[in-house]
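In the two complexes that follow, chain A is the common piece, with chain B as its partner first and chain C second.
After this line comes the complex of A and B, so read on.
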C-alpha cells in the first residue's frame, strides 16, 4: 500500500513538473493526462473508487479531449506571441501570492486523516436517488443549460 | 482493493507493450535517413505549410457535446449498480427517465439547431 502511494505520488509530481516545463503544448497535455491518471490511482488507494472512476472517465476522457481541441483551435501561440517582461512579472507575482495563500492555510489547519469510510458505488447510488433526489434531477437541468450554452456560443462563432 | 492489482498489472503490461515495441525496433532497425524518408508522408506526398493549423470550431462543439453526455454517464453508473434487486424498482426507473428526458431535450435542441450536422 505504502509503495503504491509513493509510486503514484512520484508519477503525479513528475507529470506535474512536465506539464509546466514542456514547451510543446500537446506534449504538456499528454503529461496532464498522466497526472490525472496518477491522481485517479491515489483516489482508488484512498478507497474512493467512484471518484477515481469519474476522474478517469471525465478528466482523461473529456477534459483532456477539450484541451486538445482548444489547442487545435488556436494558432501557434509560441511563434507569434512572445511573453514580455510585464507579463512575466505579473505571472510570477500571482503565482507567489497563490503559493503563500495555500501555504498559510495549510500552516493554520494541518492535514487530518479522514476516518475510513466504506463508501461503495451502490451506497452512493442509494443516497443519490433517495435523499438527494432533487439535486440529482437539478444536475440534469444544469447539464441541459451547459449543452444549450455550448451550442449557442459555437453556432455564433461559426456564423461569423 | 486487491482487485485493483489486476488493473495495475494491465496498466504495466500496456506500457511495457508500447515501450517494448519502440525499444526492440530501435535495436534491430537499420538507420540510413535521407531527405525523402524523413518527410511527413514517406509515400511521396509533399506536406504544405505547418502542421499547426487553426481547426474549425465545430470540432470543439462535438467535444463539448461528448463531455456533457460523458458527465451524464457518471450519474447513470451509480443508478445502474443499485437497480437490480432493489425494492423500489419503479421509483428508480421513473427517476432516471426524468433525468434522461431533461437531457433528451438538449439532444433534440442540438439536432434542431443543426449542431449534429457536418457542414
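After this line comes the complex of A and C, so read on.
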C-alpha cells in the first residue's frame, strides 16, 4: 500500500509541475488530467472510493473536456498575448498569499490518522440531507447562480 | 458448452494457484502485479476476438437489413473475412502527419483503448467469473467511460486536420450532453436496489427483471448508451459524408485498429451493463430451471443488446448536429427526471 501511495504521490507532483511548466496548452491539460487521476487514486487508497470515482467523472469527464473544447476554439491563445511585468508580479503575489494562508491553516490543524470507517454512499446521502443540509443547499444555489450567469453572458454575445 | 464449463474451472484454478503462491514466501505485491498482468492479457484477448466477431456480425446484419449477402468470399459463409482484414491492417504503414503533435497523436489511441480494458474488470460474467467485486462497480464503469472520450478529442486535435478537429469538438459536446442523460437513466434502478454493486443489482432481480419496473429507464439507457459509444444514428463524431472520417481520419494501421477495438469494446460494455441492469445479468429468465450455465445466459443477453444496437444503426438516418444537443437536453434529460420522480413516487406509495 505504501508503494502505491508513493507512486501516486510522485505522479501527482510531477504532473502538477508539468501543468504549470509546459508551453503547449493541450499537453498541459493532459498533465492536469493525469494529476486529477492520481489524486483520485489517492482518494481510493484512503478508502474514499466514491470521492475518487466522482473525481474522475466530474473533473476528467467534465472539466477537462470543457477545457479542451475551449482551447480548440481559441488557438494560440498565449502566443499572441505576452504576459507583462505587472501581471507577473500580481500573479506571484497572489500565489504567495494563497500559499501562506494554506500553510497557516495546516499549522493550526494537528495531523492525525482518520479512524477507519465504512464510507458507504447510503451514509453519505443521509449526512448530506440531514447534518449538512444547509451547506449542501448553499453550494447547489451557488452552482445554479453560476449557470444562470453563464447563460446571461452567452445571450448578450448573441444580441450584438 | 463444454468449453464454457471449463472456463469456469480455469478461473478457479488460477485463483487457487495465486492463493497457494502465498505459502511460498513470494511477496504479495508481486502476486497482485502478476495477477493483474494475467487478467489484462485475458481481457485484451477477449476484446480482440470479440471485435472480430462483432465486426463480422455487423457486416452480416447490415447486409441482411439491406437485402445483400455481405462478405462471402473468405472462408465458409465469409466467416474469416474480419481475420483477413485484421491481418491486412497489421501490415499497413503507420503514418503520422507532419504537423501533428507527435506525443499526443501517439497517446490518443492508448487513452481510448486502456479505459475500455479497465471497464471489463468490474463486469460480473457469472457467479464465479468476475475479476473484482467493486462496491461502486456501476460508478467505476461510468468513470472509465468518461476517460475514453478524452482520447477521441485529443486524437481530433493532434491530427492537425480541420475535419479531425471538428470531429473531436463534436465529440466533446456530445459526450458532455449524453453523459448526464445516461447517468440519470440508471438512477431509477439504483433507487430500486439501493446499491451500486453489480453483484447486488443482479441478485435483486432474482424474481423480476428491472426492465419490467423501469421500461422508460431501459429505453433512455439504450439511447444514451448508443450516443456515448458514438454509434449511428449518433455518429456525428466520425460522420463520413461530412467529416471524411472525423477524429480518426489521419490514423492508419495499428493505431486505427486501436480506435476500432476501443469502439467495439465500449459497445460490448454498454450491452453488458444494459444486460446487468435491466435483464437480470447472468440469471435465467425467472421461472426457468437453471440448465444452461450462467455465462451463456449473460453472453446471450449481451449479444441480444448488441444486435439491437446494430439494428438501430442500420435502420435510422444520422441525426443532425444541431438536433443532437437539443435531443439530449430537451427530451432525454427531462424524461430521465420524470422517470426518477415516478420511481420515487411509486416507491413511496408502496412503502
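Definition applied: the second predicted complex is superposed on the first by the 119 of 160 C-alpha atoms of A that agree within 3 Å, B and C clash if a C-alpha of one lies under 4 Å from a C-alpha of the other, contacts with A are read in each partner's own complex, and residues count from 1 in each chain.
Here, a contact is a pair of C-beta atoms (placed from the backbone, for glycine too) under 8 Å apart; a residue touches a chain by one contact, two chains touch by 3 or more.
Bear in mind the structure is a predicted one, so any value in this text is a computation, not a measurement.
In the superposed model, A:155 makes contact with chain B only, not with chain C. Measured by the number of chain A residues touched, the leading partner among chain B and chain C is B.
Judged by the touch definition given at the top, the superposed model places A:27 against chain C, while chain B stays out of reach. Contacts of A:141 after superposition on the shared chain: chain B is touched, whereas chain C is not.
Of the two partner chains placed around the shared chain by superposition, chain B is the only one that A:63 touches, whereas chain C remains out of contact. Of the two partner chains, neither chain B nor chain C is touched by A:131. In the superposed pair of complexes, A:3 makes contact with chain C only, with no contact to chain B. Comparing the two complexes, residues 50, 53-54, 57, 61-62, 65-66, 69, 72-73, 121-122 of chain A contact chain B in one case and chain C in the other. By the touch rule above, chain B contacts chain A in their complex via residues 1, 4, 8, 50, 52, 54-55, 57-61, 63-68, 70-75, 77-82, 92, 95, 98-100, 102-103, 105-107, 109-110, 113, 115. Put simply, chain A touches chain B in their complex at residues 4, 41, 44, 47, 50, 53-54, 57-58, 61-63, 65-66, 69-70, 72-76, 121-122, 124-126, 128-129, 133, 136-137, 139-141, 143-144, 146-148, 150-151, 154-155, 157-158. Chain C makes touch with chain A in their complex at residues 29, 101, 103-104, 107, 134-136, 139-140, 142-143, 145-147, 149-150, 153-154, 156-158, 165, 168-169, 172-173, 175-176, 179, 194, 196.
Of all residues in chain A, those touching chain C in their complex are 3, 24, 26-27, 30, 33, 37, 49-50, 53-54, 56-57, 60-62, 64-66, 68-69, 72-73, 120-122.
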